[in-house]
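The following blocks contain the structures, represented as structure tokens.
Each of the next two complexes has chain A plus one more chain, namely chain B in the first and chain C in the second.
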Partner chain A sequence: MLKYIAKRVAIMLAMLMLVSTMIFFLFRAMPGDATAFIVDPSMPPEARELMAERYGLNDSKWVQYTIFMKDLVRLDFGNSFFYGRPVTDLIKERMPATLILMFSAMIIAYLIGVFGGAWMAWKRGSKLESAGVTFSLIFRSAPTFWVGLMMILVFSARLRWFPAQGMRTSGYSGDTFAEIFLTLDFLKHLILPSIVAGLYFIATPLLIMRNSMLEVLSEDYIEMANAKGLKEKTVLYKHAARNALLPVVTAGALFIGSAIGGQVLIEVVFSWPGLGREIVQAVTRHDYPLAQGAFIMISALMMFMNLVADILYAVLDPRISYK
Partner chain B sequence: MGKTVDVASEKKPPVKRKDSQGIIALFLKNVRKDKIALFGAVLLIFFIMVGIFADFIAPYEIRDRHYNEEGKIRRLEPPSAEHWFGTTDVGRDVFSQVVLGTRTALMVGLLAALLVTFVGSTVGIISGYFGGTVDAVLMRIVDFFYAIPFIPFVIVLSAVLNPSMWNIILAVSMLSWRTVARLVRSQVLSIAKRPFIKAAKVAGAGHTRIMLKYILPNVIPLILLEMAFMVNFAIMAEASIAFLGFGDPNAASWGQILHINFVTGNSRNAWWWMGPPGIAIVLLLLSIFFLARALEEVVDPRLRRR
Partner chain C sequence: MNLLEVRNLDIDYVTQEGTLKAISDVSFDLKQGESIGLVGESGCGKTTLAKSIMRLLPKNGVISKGEMLFKGEDIVKKSKEEVRKLRLKEIAMISQSAMNALNPVYTVGDQLIEGIRAHSNATKEEAAKRAEEVFKIIGLEAKRLKSYPHQMSGGMKQRAIIAMALTLNPSLIIADEPTTALDVVVQDKILNQIIEIQKQINSSMVFITHDISVVSEICETIIVMYGGKIMEKANTKVFFKAPYHPYSLGLQNAFPSIKEIGEELISIPGSPPNLMKEQNGCRFQERCPFRTELCQKELPELKEVGEEHLIACHYPEKVNEFREDAKKRETWEGVRNRLIEESVGEA
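Take a look at the complex of A and B:
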């Protein structure tokens, strides 16, 4: 097992190098002069030249690439053109916001999905079941950014229940983690975006749980439990649901991985100061270092979650063994 | 000898070659049986019709600015008899834009899905059939593409290439074939082990012939199902990219309408402008999901969706 994990981590690092190489050259192929965004156009060309020199934009692509890779190993992504600060610091600042939003969305989706899915399997063939499937498909078909805009329209603009933008009311500033994230104000800001993301994710746990339950419910031991005269609820949640959970859990880790990238849209709509929104802005501003750094970071997170999914699978299901 | 035959037939039912005729017949039978699938079919035909005849249905040019009797621009007017979905901040007709957007969505969805399923199933069949080194190499490539975050990558690629519909199709396809490849491969792995493939090999059939004539027909239902999901995926991706402002500025697309609505700050008041394109996306995607249900039963009644 340990050997397997070590091998997977090694592959992961190699993949990360490849992804970084790809993203490096992709950005260098971008049309437009990067200095145009750092230097005020009204400044003389000499100033622009100086700036390009300072950021190493005049070196050959190969020299730039070797420097980039050397820095990458030390987790140094350089300085952001736009903010003029180290990219690593910026990523560290944005990361908690992205992760918190993502996990609250997952909790919402999983709470409803797991119990709802189990219940739907129990009531298979009924009208309620097909209503549940349709409900989850509707939210899978609706673009998250649009649902977000509608929610803002209804709950923020009309009803004024929740704030529509950002992570905190303007004027409020906190320094420590607790001051920023453990306040009622933050919670209020978190509710709408996490519901929107949660509704989009819900189809995954709901449908997997339902299918997995259907399979488990046809097993002999469920019949046995029923024959013993156990209560319906006991059979459903104690005997069946526990065993049906396995594929849902592993799918969850995989899903978190892909959700990080998809959350970009929700962050943009709600002006959520996370990594995803930063990447969109960085691309529009031609801020290569920041966009590269954020991209590599998201990619690393995805790979890590894939690894977690595989390990979870092996740990939870003793029938599976890795060599 | 009799024993081995028994075991084989007990574990796996004799493979009935479903040719394309059979799949379509079975699919149509399911559609007729399943009311929801039938609803999906009707809805999809409606969208396709709107897409084809968009030029005739749209009452105005999408860029035309409309003026009222007093000669003032009809800014942000709610729906009326002349403008069914109201007007935008510069007096453009929302209804015409939504109608024209149907065509973009269908084009992107269909073309990207075709490209994705073609590449994905080719890789999947080759990988599953040959196994060994070929499989290992191809699956590492698939792994690589699984490690790239989708939306951020498409944003970067759309920024590098010129914003156009074709580049969006390319960007979406580049990252989506991996899913199809993986699913088709796992199906091919189990098919390649079955006796009739061995029989074909013994009879002297070449690799290409076996893959095309014996393996492909057995994975076609799965490929078609994946294609349906890919259409949805591509439409959603196009809308998302256009919403973020990396879309083709010259094409009317649902994402583009929402992008302009959002950046001009009208998403909180002009519900008639923001609602229709979103509802159109939901309905189109739902119609395909519903239709896919009938197809899903053809593939495998217990098939798990992600």
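Take a look at the complex of A and C:
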């Protein structure tokens, strides 16, 4: 197992290099002149030239690429054009917000999805079951930003239960992790976006769980569990759901990729100061270093989550052993 | 005293195409310590009957009539919770499919322990000890308790399932074709073990198989089913010497180990009736070489023809003639020709 993980991590690093290369050249192929954004066009040409020189924008692509890769190995993504600060610092600042929102949403989606899906399979054919399917599909198909705005309209503007945007009330400042994230104020800000994201994510675990549960319920070992005189709930959750969970975990790994797209939208709608929103801004600002860094971090995150899903799968299913 | 009394049992399966009458008007008694072999072609309702005793029928299966008195109490009327308490502790099942009857994500030991603890206040350790004991009885090493199902062979898995059925010394064991999934050598060993243990703990048994030769070795009583009804019930020894029902005669022809060497096998032409359709007269009449008009019109009642020997045939007095003719190939060829004629006539 440990050997397997080491191997996977090595492959992950190689893939990250590849992804970084692709990202580097993709950004260079984008239309628009980066110098126009970082160097004020009204400055005298000599000053502009100087600035471009200083940021290395005059070097050949190849030279830029070698420098970029060399720095990358040291986890140095350079300075943001826009903020004028190290990208690594910016990512460090934005990452926790993104992760917390994403995990809250995933926990909501997977908890409700897994239990709800199992329950729906048990209650197969009932009105509640079809209501559950419809409900989850509505939130999957409705545009996330629209759902987000509607929720803001109802719960923030009308009912005033939750704040509409950001992750803390203005004027509040904190420095340590605890001061920023372990506060009631933060929790209040977190609830609405994580529910919206959770609702968007929920269809996948819910429907996969339901289908896989229906399959499992007709297995012989379920009949056996009943024949042993186990309680209905034990059969349902300990025996059936435990097995039905396996495909949900597999799907979860694939799902993480698409989840990131949703995450970006949610962050924009709720002005959530995370990495997703930063990417959108960085791209429109032609802030290459920041956009590159953020993209690479997100790729790394996705690969990591995939690995976690695979390991989780092996933990859940004794038949799987990785070598 | 009778451990189980089944009275006028009807079981239907509700399907999209209509209602399938899987069991109709089945009655029999099972004494304490007795083992009954339940035989009949595939689809005659053996599994349905077995599952109904544990109230484990699939969702679309309903007991529409009758009662099943277990130790004097009607299982049909019991609540879910009451039935749950009976399972494994009083009535245990050794199921048909050894391959998939164990949950792949738990160790076999955990699955045994879970069963024990569902019916007693035993601690984990006590239950584990009991699991070890039954594993020893069934001939599995105690360390196998720590194995996952996929780490065991088919024979081992089947043994583990048998061990499970024995853990609480049930009064009734229901074995539904317990060895069909296994190879022949293992089959024999396991069969013998089941019987040995059943005798040891003096439990009753319903042993289901489509191979009547097995029954001759291990059961005191045999019940022959056809099309959801009992055709004949007899002491096994009596049955194999002198069967009555034409279907039983046909079945005996079809099995090699019962026939003496040199005699040829004759199968019964035709196929079992479609239980979705309304049945007229005797269930077996379509394939019976001795049928008369009466057989096509009137359903024969189960009648006593000897001590604890029951048959459902209009002509028990003609049995000697039937036995002679049933040995002849022409008799059954006649049925084949009749079936062909009838199907041509219909078309």
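Rule of thumb we're sticking to: the second predicted complex is superposed on the first by the 300 of 323 C-alpha atoms of A that agree within 3 Å, B and C clash if a C-alpha of one lies under 4 Å from a C-alpha of the other, contacts with A are read in each partner's own complex, and residues count from 1 in each chain.
Here is the rule we go by: contacts are C-beta pairs under 8 Å (C-beta built on N, C-alpha and C of every residue); 3 or more make two chains touch, one makes a residue touch a chain.
Just so it is clear, the structure is predicted and the values come from calculations on it, not from any experiment.
Q: Report the partner of chain A that touches more of its residues: chain B or chain C.
A: B
Q: Could you tell me if A:Gln281 is touching chain B, chain C, both of them or neither one (first, second, both, neither)?
A: neither
Q: Would you check which partner chain A:Leu316 touches, where first means chain B only, second means chain C only, and both and neither mean what they say?
A: Second partner only.
Q: Output check: A:His239 vs chain B and chain C. Expected answer is one of first, second, both, neither. What do you get?
A: second
Q: By the touch definition at the top of the document, which applies to A:Gln64: first (chain B), second (chain C), both, or neither?
A: A:Gln64 contacts neither chain B nor chain C.
Q: Which partner does A:Thr21 reach: the first (chain B), the second (chain C), both, or neither?
A: Neither: A:Thr21 stays clear of chain B and chain C.
Q: I'd like to know which partner A:Asp220 touches here: chain B for first, chain C for second, both or neither.
A: second
Q: For A:Lys231, decide between first (touching chain B), second (touching chain C), both and neither.
A: It touches chain C, and chain B stays clear.
Q: A:Leu137 contacts which: chain B (first), chain C (second), both, neither?
A: A:Leu137 sits against chain B, while chain C stays out of touch.
Q: In the complex of these two chains, what residues of chain A are touching chain C?
A: 219-221, 223-232, 234, 239, 242-243, 316-319
Q: Applying the document's contact rule, which stretches of chain A touch chain B when the two form their complex?
A: 11, 15-16, 18-19, 22-23, 26-27, 29-31, 130, 134, 137-138, 140-143, 145-147, 149-150, 152-153, 156-157, 164, 204, 207-208, 211-212, 214-215, 247, 251, 258, 260-262, 264-265, 268-269, 276, 279-280, 283-284, 291, 294-295, 298-299, 302-303, 306
Q: Name, in rising order, each residue of chain C that touches chain A in their complex.
A: Touch list, chain C to chain A: 54, 56, 80, 84-89, 92-93, 95, 97, 99-105, 114-115, 118-119, 148, 150, 161, 164.
Q: For chain B, which residues are in contact with chain A within the complex?
A: 36, 143-144, 146-153, 155-157, 159-160, 162, 232, 236, 239-240, 243-245, 255, 258, 262, 267-269, 271, 274-275, 277-278, 281-286, 289-290, 302, 304-306
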